[in-house]
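Here chain A shows up in two complexes: once beside chain B, once beside chain C.
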Partner chain A sequence: MIFTLERTKRTPSVELSENRLVVRGECYPENIAEFSEPIIGNVRDVLDKTEVFEVIFELLYFNSSSAMFLFDLFNMLDDAAGGGCDIAVRWRYEADDDSMEEAGADFEDAFEHASYVLEPRDEL
Partner chain B sequence: MMHTQDFHRLLIERNTFFCFSGPLSETALSAISDAVKNRVFEASDKRSLATKIFAVFIEQAQNIIRYSAESIAADDENESMGIGTVAISASQTGFVIEAVNPIRPGIIPKLERNLIQLKAMSGDELKVAYTERLKSGPPEGSKGAGLGFIQMARKCDRFNFEFAKEDEGSTLFIFKVEIDK
Partner chain C sequence: MDDLDPDVIQKLIADIPNEPTRLEIEKVFREFQRLKKTLARLVKHADRTEKKLEQAAAEAAEKSQEVQELSKQLAKYLSPQIYSQIFEGGQHVSLSSSRKKLTVFFSDIVDFTKTSDSMESEELTTMLNFYLTEMTNIALEYGATIDKYVGDAIVIFFGDPESLGVKEDAIRCVQMARAMATRLKQISNTWQDFGLERPLQIRMGIHTGYCTVGNFGSENRMDYTVIGNGVNLAARLESAAKPGQILMSFDTFAQVKDTVTCVERDQIQAKGFADDVRTFEAVVDEDNGSSLPLNIGQNQLTIPVSVLSLGELRAIQKSLQIALEEIGKNIEAR
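On to the complex of A and B.
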């Protein structure tokens, strides 16, 4: 693992390896900049070196301040895909939560080059 | 002062199952958010409904922390703290999430214009406003993403706001969000 964060009440777990980023939990940090900057920085470093990168998001809830962080991260991933990196992003949501399905659909605009799919799941 | 028994009855009568009033900080919000989440999930039988109520509660609470005109010094000087009230109640059609806080008069005209615009928008128009704001970044004067009111407008079935003048000259901002079952 290159970078990891433990899940807390207000922040998701983050697992970043050379080919994969997995984010699981809830995201409404006390301080969004403090939470997001190391993630953005580390993912940027990984994207400079890799050719294939998989991203999995399993968020149960995120607040509006976190939406901007997610959008920035997704833009960075899409730029890397535009530069030739093979990037697949999966947005997983609980099948009975149309609120998080809609939230995932809102980010479709960020993706032009990378693959982005919404995946309903029975239980996260 | 209102009798304690009457205060108890008042909350019961208006079906208010959660209420916080006073100085609110991110630390205080962390301490109460689990209790609120558990209560909201117990009160609503659908996950998507509970997520919406909780999401609106967090935006309301964070607006008080960031924008209340009244605050007291927090222990940590980096932490902002705002005074206000946030409450969640059951209603005939679903749930009501209310927030009240003193507001600086200078920001009222812009906020009022913004909220009148949001109130007139359809669901599709709100989605466009949301994605446009994501692309353009936070507006001047915003301490968050400037997305909070748009998100609340999208998640609710209706909302109302009021700028209520107090006797001593200050103004209270009241924001009331309704989510149907």
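On to the complex of A and C.
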């Protein structure tokens, strides 16, 4: 594992390896820069080296400043996909969570080059 | 969104030659389009969050209303003091108790079983609820803690969870009992409407003493109540009282004697108590007729003539006649 963060009440768990990033939980950190900068930095480093990369989001809630962080991450991923990296993004949401489903649908058009899949789950 | 940083934008602009190439213009345009999209998504996200918050606020308000309605219903089953202690967080709801000097009051309706046997259930319910409502309103007015209703009987105590001191608690209790007796006289004509031939009469017993007060029962079902010898004595005094009488122990009398007119009555043999118990009656109609000041031992009593029986009045008259004759003879001899 290259980089990990423990899940807290306000922040999701983050697991970053050579070929995969998994983000699980709720995201409304007190300081979004403090939370997001190491993730963005480490993902950028990984994308520079890998040819295949999978991203899994299992979020239950995120606030507006976290949305900004997600857009930054998505842009970086899509740029990498445009540059030839095979990137698959999976947006998983609880089947009865309309809010996360709608957010996932909105994010879809952020990707021109990477593949993006919406995946409902019974429980996250 | 480093791209939004003015320094970065400035650098991008600086990097463009005086005559930008088509590719460079396209790059800036793409960045602009991406930012525009991001902004639109953010606004959408904010709108959705706002909508969700409004929905959550509406649900919370609805739940809060439901809880308020439920607690209003629950309040009817609890004494107001106990209700506020629990709901304002002052009293932890657990199986615990403490020993305190309380004034305990018992009352019941004279011949209620006989009366209720001859009444239809609906009439009986209406009549009993009317009676209990009238008495409860008075009790609450005097700051009583209503322990429980047992059929027609009412158990009340003063001194927990709020106390104004042992003396004031006892005075309030006796004054409450007098107000109840007065109210019953005021509504004596009402009972005919319920089909009763004669007005309702009640017995009242009061004792001031140490009791154990708190929550008793199990963790699943508990009652806030009082137990102990003091409670039993109040119940015995109530049983021994005559219809319409407020009978109290010496311990209560000692607390109220300077405030409430009392008459000592016969001692009673109370079950569970080794010694006979001195009893005192609280006079209800003090203003009704003249009063006799009497010194008996160290007790100074003011007895309204109206509370004395014919036999007692005759005995006093005889004593006074003898005394007057003795005084006359002494005066003549001098």
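Simple rule for what comes next: the second predicted complex is superposed on the first by the 124 of 124 C-alpha atoms of A that agree within 3 Å, B and C clash if a C-alpha of one lies under 4 Å from a C-alpha of the other, contacts with A are read in each partner's own complex, and residues count from 1 in each chain.
In this text, a contact is a pair of C-beta atoms (placed from the backbone, for glycine too) under 8 Å apart; a residue touches a chain by one contact, two chains touch by 3 or more.
Just so we're clear, the structure is a prediction, and the values are computed from it rather than from any experiment.
A.B. asks: Do chain B and chain C fit side by side on chain A after the overlay, or clash?
C.D. replies: clash
A.B. asks: Looking at A:N42 after the superposition, I want to know if it touches chain B, chain C, both of them or none. Which is it: first, second, both, neither?
C.D. replies: In the superposition, A:N42 touches no partner, neither chain B nor chain C.
A.B. asks: According to the stated criteria, A:S13 is in contact with first (chain B), second (chain C), both, or neither; which is it?
C.D. replies: Neither: A:S13 stays clear of chain B and chain C.
A.B. asks: For A:D109, decide between first (touching chain B), second (touching chain C), both and neither.
C.D. replies: Both chain B and chain C are touched by A:D109.
A.B. asks: Go through the superposed model and pick first if A:L60 touches only chain B, second if only chain C, both, or neither.
C.D. replies: first
A.B. asks: If you stack the two complexes on chain A, which partner ends up touching A:T50: first (chain B), second (chain C), both, or neither?
C.D. replies: Neither partner.
A.B. asks: Output check: A:M100 vs chain B and chain C. Expected answer is one of first, second, both, neither. What do you get?
C.D. replies: first
A.B. asks: One more residue to check, A:F71. First (chain B), second (chain C), both or neither?
C.D. replies: After superposing on A, A:F71 lies in contact with both chain B and chain C.
A.B. asks: Specify the partner with more touching residues on chain A, choosing between chain B and chain C.
C.D. replies: Higher number of touched chain A residues: B.
A.B. asks: Name the contact category of A:Y28: first (chain B only), second (chain C only), both, or neither.
C.D. replies: After superposition on chain A, A:Y28 lies in contact with chain B alone.
A.B. asks: Once both complexes are aligned on A, which of 1-9, 19-27, 127-135 or 163-171 in chain B overlaps with chain C?
C.D. replies: The answer is stretch 127-135.
A.B. asks: Can you give me the overlap between the chain B contact set and the chain C contact set on chain A?
C.D. replies: 63-64, 67-68, 71, 99, 106, 109-110
A.B. asks: Which residues of chain B touch chain A in their complex?
C.D. replies: Touching chain A from chain B are residues 26-27, 29-30, 33-34, 46-48, 51-52, 54-55, 58-59, 62, 127, 130-131, 134-135, 137-138, 144-145, 147-148, 150-151, 155.
A.B. asks: Could you list, by residue number, the parts of chain A that touch chain C in their complex?
C.D. replies: Residues in contact with chain C: 63-64, 67-68, 71-72, 75, 99, 102-103, 106-107, 109-110.
A.B. asks: Applying the document's contact rule, which stretches of chain A touch chain B when the two form their complex?
C.D. replies: 9-10, 28, 30-32, 60-61, 63-65, 67-68, 71, 94, 96-100, 106, 109-110
A.B. asks: Spell out the part of chain C that touches chain A in their complex, as residue ranges.
C.D. replies: Residues 1, 34, 37-38, 41-42, 44-46, 48-49, 52 of chain C touch chain A in their complex.
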